[in-house]
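Just so it is clear, A, B, C and D label the chains in written order, and each chain counts residues from 1 on its own.
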Amino acid sequence: MIYFDTDYMAGAHPRILERLTETNLEQTAGYGNDAYTRHAEQLILQACGLPHGEVHFLVGGTQTNATVIDALLARHEGALAAETGHINVHESGAIEATGHKVLPLPSHQGKVRADEVEEYIRTFYADATCQHMVAPGMLYISQPTEYGTLYSKAELEHLHAVCQKAEIPLYIDGARLGYALASDEADFTLKDLAMLCDVFYIGGTKVGTLFGEAVVATRPGLLNHFFPLIKQHGALLAKGRLLGIQFETLFTDGLYLEMGAHAVRLAMKIKRAFRDKGYEVYMDSPTNQQFFRLENTQMDRLAREVSFEKWGTRGATHTVIRIVTSWATREEDVDRLISLL
Amino acid sequence: MIYFDTDYMAGAHPRILERLTETNLEQTAGYGNDAYTRHAEQLILQACGLPHGEVHFLVGGTQTNATVIDALLARHEGALAAETGHINVHESGAIEATGHKVLPLPSHQGKVRADEVEEYIRTFYADATCQHMVAPGMLYISQPTEYGTLYSKAELEHLHAVCQKAEIPLYIDGARLGYALASDEADFTLKDLAMLCDVFYIGGTKVGTLFGEAVVATRPGLLNHFFPLIKQHGALLAKGRLLGIQFETLFTDGLYLEMGAHAVRLAMKIKRAFRDKGYEVYMDSPTNQQFFRLENTQMDRLAREVSFEKWGTRGATHTVIRIVTSWATREEDVDRLISLL
Amino acid sequence: MIYFDTDYMAGAHPRILERLTETNLEQTAGYGNDAYTRHAEQLILQACGLPHGEVHFLVGGTQTNATVIDALLARHEGALAAETGHINVHESGAIEATGHKVLPLPSHQGKVRADEVEEYIRTFYADATCQHMVAPGMLYISQPTEYGTLYSKAELEHLHAVCQKAEIPLYIDGARLGYALASDEADFTLKDLAMLCDVFYIGGTKVGTLFGEAVVATRPGLLNHFFPLIKQHGALLAKGRLLGIQFETLFTDGLYLEMGAHAVRLAMKIKRAFRDKGYEVYMDSPTNQQFFRLENTQMDRLAREVSFEKWGTRGATHTVIRIVTSWATREEDVDRLISLL
Amino acid sequence: MIYFDTDYMAGAHPRILERLTETNLEQTAGYGNDAYTRHAEQLILQACGLPHGEVHFLVGGTQTNATVIDALLARHEGALAAETGHINVHESGAIEATGHKVLPLPSHQGKVRADEVEEYIRTFYADATCQHMVAPGMLYISQPTEYGTLYSKAELEHLHAVCQKAEIPLYIDGARLGYALASDEADFTLKDLAMLCDVFYIGGTKVGTLFGEAVVATRPGLLNHFFPLIKQHGALLAKGRLLGIQFETLFTDGLYLEMGAHAVRLAMKIKRAFRDKGYEVYMDSPTNQQFFRLENTQMDRLAREVSFEKWGTRGATHTVIRIVTSWATREEDVDRLISLL
C-alpha cells in the first residue's frame, strides 16, 4: 500500500531527528527559555524581514488557532472566516469553547473575497441592532486553504487593506505555508506575506517537524500577555527547546522551502498524470493537495493499492478523492500511483 | 554549571529517540489511529491490571488536567484540591478558563486529608444555600505531590472511600508518578494505585519522554466523548504515534520504573549528604524533589556552580531551595554537588 | 406618533401590576421558594397537560436560551438552528460565550425543514472526520419564528420524530408563543406543542409581563442541576415571587391567550388593510409581526406619524418594514395607521 | 411569624410601584434607550459627583458581578477578593464560568486589608514562575461586606492607593450600599466612595426596587463595549425603562438614603436590645445585618415566632443567627422581636 492520505503521516525530516539526538542530553531551562529557541526566533524573523516582530512556538494547529484568536479578540467579538475554514469545521468547537463565534463568509474554493468581507463589515455596522450581534473582530484565512488553493499577492493586499480600514487584525493560518511558498503560482514571498497581515503561523507539523507551529506577530503589541494565554490554553511545551531546535533546523540552509518544493513538484506530477489520462481535476490546486473526481469503480480499483481520502460523493456514481503529497513522499510511490491510473 | 532545577531539562531517554528514529519514515494514520498507539495502550493497561480500562495520550500536563477535569465535571461543579495543588497554583487559570472553580482544601505538605475532604462535602450539603455555591464534583490529588511527598496506600484507600461515598471521582495527577512508584517509602504498586482511583495519568514529560501524558480511565464510561474534548482542548497530537511509540518504550522492559529508581536513588544520596553535613532538610520528601533550608551565604556560594530553584525566602537570612533529580541526572554531577557542600 | 416597532414597548398587563401592588408588602422567601411560584408552576403544567413536567422561571429570553442550551448540551456538542434563529444572530454571542457552537441550517422564512435536519445529522455521522467536528446535540427552533411564521402541527411532529430518532432534544423558543397559539393558522394547542418537544419556554416579556420566561421541561431528568446553572448564568431573580405572581396571572382566566388573540386580530386587520390598498405583503405571517415592502417615498411619508422598524433595504427604491402589534396595541392606533396608508 | 431572614423578602417601595403603574401603558424603546433611563443616569451621576462617569443598569447582583468582572479583566487575569466575598462563595461559580479565577485573600470580618493586598501583588510579581499563575487583575470588595461590616474612608483610600500603584481597578459591590451610607459609622459619602474606586454598583434589589443594580464607571474607558457584554451575559432587560424608572425614583427626594436610614435605625435598635438583655453580639455590624450568638434553646424558642437565618453552629450548644432589617421592616415587628428576647 502507498499512502497519500495526508501530510502528517511520517515523522520528521531526518535532519531534525539528528539535531534532536545530538542535543538530547543537554540540560536547558524549560518553556522556551533556551538558546535554541532564541536562535530559531531570530532565524524566523530574519526570513520574514520583521526586525520588530515576535515569535512564539506552540505545539499544534488547533491549539494555535484557539490561542491566537483568543488573544486577538475582545469578549464581544468573533472571527470572520470562510465557512469551509478549519476553525469553522474541523476543530471540534475549540474557538467557541473559548467563548468566540466564528462568523462564516461564503467560500470560493476555500477562499474569502475581500469585497464580501468589506460588505459584511459595512452591513454589520449599518444594522441598528448591531450591538445585539457578534462584532467582526478579526479575519481568519488559511494560506494555502483547506482546498489547496492560494490567495495571490493582490488578493492578500486587498484583504489586508479591508482589515486595516476596519481596524481589525488579519490572521493567516499557515499550517501548510511551506507548500504555498513553493508553489509555481505563488507570486509572493514569505516576506511579502509577513507585510500583508498582522499575525500568522508557520506550520511545522505538516511540513517536516514532529510537531510545532511558529506564531509570528508582525509587530509588538498584537499578542499581549501571550505567554500565560499559551499556558492557559495547554499549548506550552515544557521542553520548549524541542520546538526551538526543530524550527532552527527548518530555517537553516533553506530546508523549509526545499521540503515544500519537493512536495509541490510531486503533486504537480500527479495532477498532470491524472489529467493526461483523462481524469477530471476537481479543484485546480497549485499546492500539495490535489482533488480528482473519479468513477466509483475507478476509485475502488485504485484503493486496492493506494490509500487516500474520500472527499465526498458526487451523485451515485462518482466520488471526489484527495491525494496529498508531503516533504516525505517518495518519488517511487508517485510513479507507482501514476502507473496505476 | 550542573543542573538540578527541575526534571524536564533534558530530552528523552536514548531508547525513545532510537525508536523514533527507527520508525521515522513510516507512514501511519494520524491522531493515534496506529498500531504503536494500540500496543502502548495494551502495555499500560496490562501494567495497571485494568483489562477494562481506557488509555488516552495527550501532550502535556496542564492540558491533560484541564481536559480530564472538564470531562469529569458537570457545569455547576468544581474540583476539590489542595490549595498548593498544581491546578490551583501553576496552570495560569486553565481550569477556570474551562469554566470550573478549584475548591481549595488545606495542604499538609502538599497532601489533602481524607477527613477534611469528607468534612468539606458534609458541610457543603448541610448548608441551606448550597445551591448557590459550587458543588464539589471531584477530588484532584497529585502523587507525588508538588512537594515531593507521597500518599500511603492507606491514605489513598481512605480518600477513595470518601469519594465513593460522595459519588465523586478521584483523579490523580501523576506527572511524576514514576518517581513515586520507585520510592522506598511507596507501599503501593501501579496496580494498587489503579484500583484506588477513577482516573489518573502517567506522566511522561518529567519521566523520560520528549513529551506526553497517558490518561488512564480505570473503567469504561468515565470519560465520555473524550476524543472531541481532547481536540477541543488543543491536546490532540496530529502525529499521534509519537506518543504511542514513546509510551510503548517506557512500558517495555521496565524502563519507566528503572528511570524512576535512578532519580530517587540519587535524590536520597543528596538528602543524606545534606543531612550529614548539617544542612536542614526542609521537607522530608521520599521522591526526586528535595527541599533544604540554607543560609543565604551558603546558598549564594552553591549557586556559583550549581543551578537550582529558590523555593522561597525564610526571613532575612535563610532561603529554602529545591534540588531535583531525574532519569537523566548523572551520578558525577551528584557527586560534584555533594563535594561542594 | 404611534408605535409598532416591537412587542415590548409597554409595561405589563394592568391585572399583573394590580397583583404586584396587592402583594407588594408581603414577605416571602427568595429565589422562587414561595407559594405564588408554586401555584404558577401548577397552573402552567395543567395548561400544558404535563403532570410530570417541571417549570423554571427566568428573567429574559437571551439568558433563558443560554441557560437551557448549556444544560442540554455536552461540552463537545452544538445546537442546530436556522441561520436566522435568534441564538445565531441576535444574542451577542451568548451561546458561544458558554462554549457552544450554533450549527446553522438553511432558513425557510425562519423555519428549518425536518428533512434537512435529518440529512445534516446523517451526513455528520457519515463523515470519517466527525470526531473533529461539533456534534449536533440538540435542535433549537422558535415558534413563531423571528419572521412571524409558524410551524404546523405536522411539521412539529416531523421535527420531533427526527430528533427522537437521533436522540437529541428538541427545544422551542417561545418568546412570542402567545401570538402563535392565538393565530388562525395554528393547528396545534399548547398541549400539543408540549407533547411535541422536550423543553420549551413560554415567553412573558413580549406577551404581557414586565419580564419573565417560563421554561417547561416536559419530563423529569432533562434539566439536571438546573438551579445552580440558572444562578451561574445570572438568571436567578432574588425576588422570585415576582415571576410567580406574573405567570399566575397570565394563566388565570385565560389571560395569556386573550392577550395573544388581541394582538393577532389587530395584526390581521393591518395586513388586510395593506393588501387592500395595494401594498406588497413581504412575508405572509399569521402572527403579530407583519412585513411589508414599500417604496421609500411611501415609507418616509408613513414614518412621519408611525414608528416601525426598517427590516432591510430592497434595491435602491424599496424597503421592507416590520409592523408589530402586541397585547398593548390600541385599536385606535391601528385605525390611525390604516387611515394613513 | 415575623421575618428577619434577609432584605429582599418584600416587593418594592410603594412610590416605585406607583411610578411603574403611572407609566405602565406608555410605549418606549427597549434596552434602556428611553428618557427615564437617561434621567436616572443623570440623577445618579449627580449624586455621585461624577460628571464624566457612566451608568449601566442590570437586573441582578450575580450577573452584575460576572459582567463587570468579565469586562475589567484580561483573559489571563483573576479577581482578588476576600475568601468570604460573595463572588468567591455564593454565585454558583459565575465568575469561573466566564473563565476567571477568584484569588482569595484573608477575610477580616468580611474585609480585606490593604497591606495584605499589596503584599499579595508584590509576592506575585517577585515569583519567577508568575507567568504560570493567574495575575491579580482587579480587586473586588463589598461595601458593606457580607458580614455587615464597613470599610472606613481611610481604609478605602488605602485600598485605592494600592490598586492605583498596581494599576488594577478597584471594584465595589454595593448590593447593600444604601445600608452602608446610612450607617452612623460611615465616615464617607456616596461622592467619597465614587472618588475612591474605579467601578461600583448601587444595589436596588436589596434597597427598595423590585430588582435592578446600577453600575457606575467613575470615568470613561473602563467598561469598553459594555452593552454587548451585558447582552452576552443575559443581563440586558428588554423593557429597560423599568430599571430607569425605579432608579429615578430612588434618587428623587433622597428616597435611597431614607430607606437605608430606616433599616439601619431598626437594626441598631435590635442590637441594643439583644445586648441589653445579655445576648452576645457575634459581629459588631453597624449596618442592617446583625449577628448574635444564642444558646440553641434560646434560638429554638425565638424561632417559634421569628423567622431568621442560622449562620452557623458554634459547638454543640450554641448557634450564630443573622437578623436582617430592610427598607420594608415594620417598627412593630421589631418591637415584637425585642419583646420576645
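Please note the rule applied: contacts are C-beta pairs under 8 Å (C-beta built on N, C-alpha and C of every residue); 3 or more make two chains touch, one makes a residue touch a chain.
Values in this document were obtained by computation on a predicted structure and should not be read as measured data.
Q: Given a C-alpha superposition of chain C onto chain D, how large is the rotation in degrees, taken in steps of 5?
A: Angle of rotation between the two copies: 180 degrees.
Q: Please identify which chain has its centre, taken as the mean of its CA atoms, farthest from the centre of chain A.
A: Checked the centroid distances; the maximum from chain A is D.
Q: How many Å are there between the centre of chain C and the centre of chain D, using C-alpha atoms for each centre?
A: It comes to 34 Å between the two C-alpha centres.
Q: I'd like the Å distance between the centres of chain B and chain D, where a centre is the mean of that chain's Cα atoms.
A: Result: the chain centres lie 42 Å from each other.
Q: Where the CA atoms of chain A average out and where those of chain D average out, how many Å apart are those spots?
A: 50
Q: Which chain B residues reach two or more other chains?
A: Residue numbers touching two or more other chains: 75-76, 91-93, 97-99, 131-132, 134, 228-229, 231-232.
Q: If each protein chain is taken as a node and each touching pair as an edge, is the resulting graph a line, ring, star, complete or other?
A: Shape = complete; every chain linked to every other.
Q: Residue numbers of chain B touching chain C in their complex, please.
A: That would be residues 70-71, 74-76, 98-99, 131-132, 134-135, 224-225, 227-229, 231-232 of chain B.
Q: Considering only the defined contacts, which chain D positions touch chain B in the complex?
A: Chain D reaches chain B through residues 75-76, 78, 89-93, 96-102, 104, 128-129, 131-134, 309-310.
Q: Would you tell me which residues of chain D are touching chain C in their complex?
A: Those residues of chain D that touch chain C are 3, 5-6, 8-12, 14, 17, 20-21, 23-30, 59-64, 66-67, 91-94, 97-98, 205-206, 210-211, 228-229, 231-239, 242, 328.
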